[in-house]
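Paired with chain B in one complex and with chain C in the other, chain A is shared by the two complexes that follow.
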Partner chain A sequence: MWKKYYFEYGEKTMKWIGAILLVSTTSWIGFDMSKKLTERPKQIRLLIQSLQMLETEMGYSQLTLQQTFQNISKKVPYPLDQFYERLAHKLSGIVIDFLTIWDEELSKFVQTSALKQTEHEVMKQFGRNLGQHTFLQQQKYIKLTIHHLQRELDDAMEERRKYEKMMKSLGVLIGLLIVLLLF
Partner chain B sequence: MNEILRLLPEHIKQAVRTQVMNKWDQLEEIRLRLNRPVELNYHHKMEWISDSQFTAKDSVYVLNQLSDHSLYRMEDELREGYITVSGGHRVGLAGEVITVNGKLKQLQHITFFNIRIAKEIKNVATPFINYLHDSHTYYNTLIIGAPQTGKTTFIRDIARLISDGEATVFSKKVGIIDERSEIAASMDGVPQHNVGGRTDVMDACPKVAGMMMMIRSMSPEVLIVDEIGKEEDVIALMEAVFAGVTVICTIHGNTMEELMKRPSVSILLKNQVFKRIIMLQKKNATYFNLEIRDECGRNITSSMVKKQ
Partner chain C sequence: MLIDATILFQIAGIGIITALIHTVLKQVGKEDIAQFVSLVGFIIVLVIVIHHLSDLFQQIKSVFLLQGL
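Moving on to the complex of A and B:
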């Protein structure tokens, strides 16, 4: 039965199904990329905010890093809250080396976020100096990191303005192009 | 001992464990110096852990453990040169000092650590507490002793006894002004030593400000202060006494005669502010001489106290 159906209508139908699948996939990729472009500035902004919180908690509440991370994790949205919560959790146990914990959790976080390698690098450097200095020095490092992130934020905004819409249409159009070529 | 071992990097932890074995109760200090072996100090002797090297990496590790990876909280401690850890143990620090306008700002490049193991010796003061009160109040008491004669241990036990009360001892509200964090060894405001249930502690607080603050805010009946000596300390102490609070305090010195020569302190003795004066003297490694005198310097009792 299906053989007959296939020989009568199959070839055309299958082609159409294939074409639709292809176009929806490329469009989806395009939308996803544009979503990342929208998300990145937002997330950098949140990261800057969280560093400002860190500064306040360090200076005025005089809390330990562990308590500080715990507090911040309650005030920031996903996925940043997960990052701080996992850090706080790991610091509550016996800590042999803070840097490995920081690097590990940072990589995990960057993977789940829309952040790019540059932000990853900035935060990685920040971890080198976290908790190793007196408050005034620490404050300078926080300011410096925020400054770096601010620049990344400007870049990200520029990129978003330029490519956000283009990515969406590009996805659809590339899909259509391939379909046309294959037909 | 875990409170102390957790501060040390793994290889030193192991070395200390094997070297100390069952002598933990005699251990007084663990000294760490950059690029040198670890030194252990017991009551009577010292030992090197010859196959251990304390490296720069280790010193960062120890500092991180001491500060809970939050060195920014330790500014006061780095200025004072010591950190109190849980259990009341004290870690002394030395290294390079940074000064601003000739004033000490903080320590940097900390390369020497002295982990001093705190031991609470309970009931050292018990046999003597009954000399320190009449039927309803405690006497103003001065404890005289050179460094390392157990003044602080003694005053801590007095605080505990007065605060908790016992069969022949009545209980009073106690306030401790712990300027050097030695009596109660507070950590985040929580005393690490047993200073009694009715005791309030003002930690790391300058004595002069602390005494009046405590009297105003916590209405103590007995005020415990360590290491008086400066003129303003004495004035603040007199104020407290006139406010009707019993003051028990310690002072550096060997004999009463010696203290009489110090102008600020001699006023106290001449005016007979203290009804009891306890003198502590080191006799040998294990024994102390303890003498209690009244306000006129007459001997009331004297005895030998074993260190542990």
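Moving on to the complex of A and C:
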């Protein structure tokens, strides 16, 4: 008698635990997506700031690229400082081709950040021109890259305003729907 | 006679949540996806209801001895 009761009780509890797990998972996915949307404009802004730093460092202190990257890495916050730090570290060894190092580190950085393919492409283009020209031309390229990133920033802000809340509520709601279907 | 009311609550819940998803998507401006979600919700409810209706018809059949149950 009590064994049957025990089984029924256990089954019900498992059902509820499963439901809670499902809802919390989908909610978490939703929150994660909305967090990515929030992070993207912030990180693009940081990227722009770091490029401006690069410009001033190039203009006034005339250090090598490696030292410049080292300096910048100390001034910017988390995901970006790793990028510049690794670049500086790699440039301190024997450098065969700067472009491959740049591309490699850039794709590593984009993977860990909330940035999208368009920003990746813009920064890749920027790497093609880094250290190839006189200061004045270099300055122009930095300005151009900042301009491109600015446009991406507007885009990201718009996207964030539109979809941030939607992702959160959709995550919870879809979890509830699945639970109801399986119940 | 006591019938199982779970099915009613389940269908009501699916309806409410589909309506909420529809509203959220419409506010964001994705009307087409919102329509699609409503349609999918409707189809899911329809499938559940048909499943139970077929049960009902089986019962009726067996009551009137149309089938050798």
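Operating definition for what follows: the second predicted complex is superposed on the first by the 177 of 183 C-alpha atoms of A that agree within 3 Å, B and C clash if a C-alpha of one lies under 4 Å from a C-alpha of the other, contacts with A are read in each partner's own complex, and residues count from 1 in each chain.
Rule of thumb we're sticking to: contacts are C-beta pairs under 8 Å (C-beta built on N, C-alpha and C of every residue); 3 or more make two chains touch, one makes a residue touch a chain.
This structure is a prediction, so every number in the text was calculated from the model and none was measured.
S.K.: So in the superposed three-chain picture, is A:L80 touching just chain B, just chain C, both, or none of them (first/second/both/neither)?
M.R.: A:L80: touches no partner chain.
S.K.: With both structures placed on chain A, which of the two partners, chain B or chain C, ends up touching more residues of chain A?
M.R.: The partner with more contacted residues on chain A is B.
S.K.: I'd like to know which partner A:S169 touches here: chain B for first, chain C for second, both or neither.
M.R.: In the superposition, A:S169 touches chain C alone.
S.K.: For A:L180, decide between first (touching chain B), second (touching chain C), both and neither.
M.R.: A:L180 contacts chain C only, not chain B.
S.K.: For A:V95 in the superposed arrangement: first (chain B), second (chain C), both or neither?
M.R.: First partner only, chain B.
S.K.: Determine where on chain A the residues touched by chain B overlap those touched by chain C, and list them.
M.R.: none
S.K.: If you look only at chain A, which of its residues touch chain B in the complex?
M.R.: 58-59, 62-66, 68, 91, 94-96, 98, 130-135, 138
S.K.: Applying the document's contact rule, which stretches of chain C touch chain A when the two form their complex?
M.R.: Listed in rising order, the residues of chain C that touch chain A are 6, 10, 13-14, 17-18, 20-21, 24-25, 27-29, 44.
S.K.: Flag every residue of chain A that touches chain C in the complex, lowest number first.
M.R.: Interface residues on the chain A side: 162-163, 166, 169-170, 173-174, 176-177, 180-181, 183.
S.K.: Spell out the residues on chain B that touch chain A in their complex, using ranges where they run on.
M.R.: Chain B residues touching chain A: 6, 10, 60, 64-65, 67-75, 78, 106.
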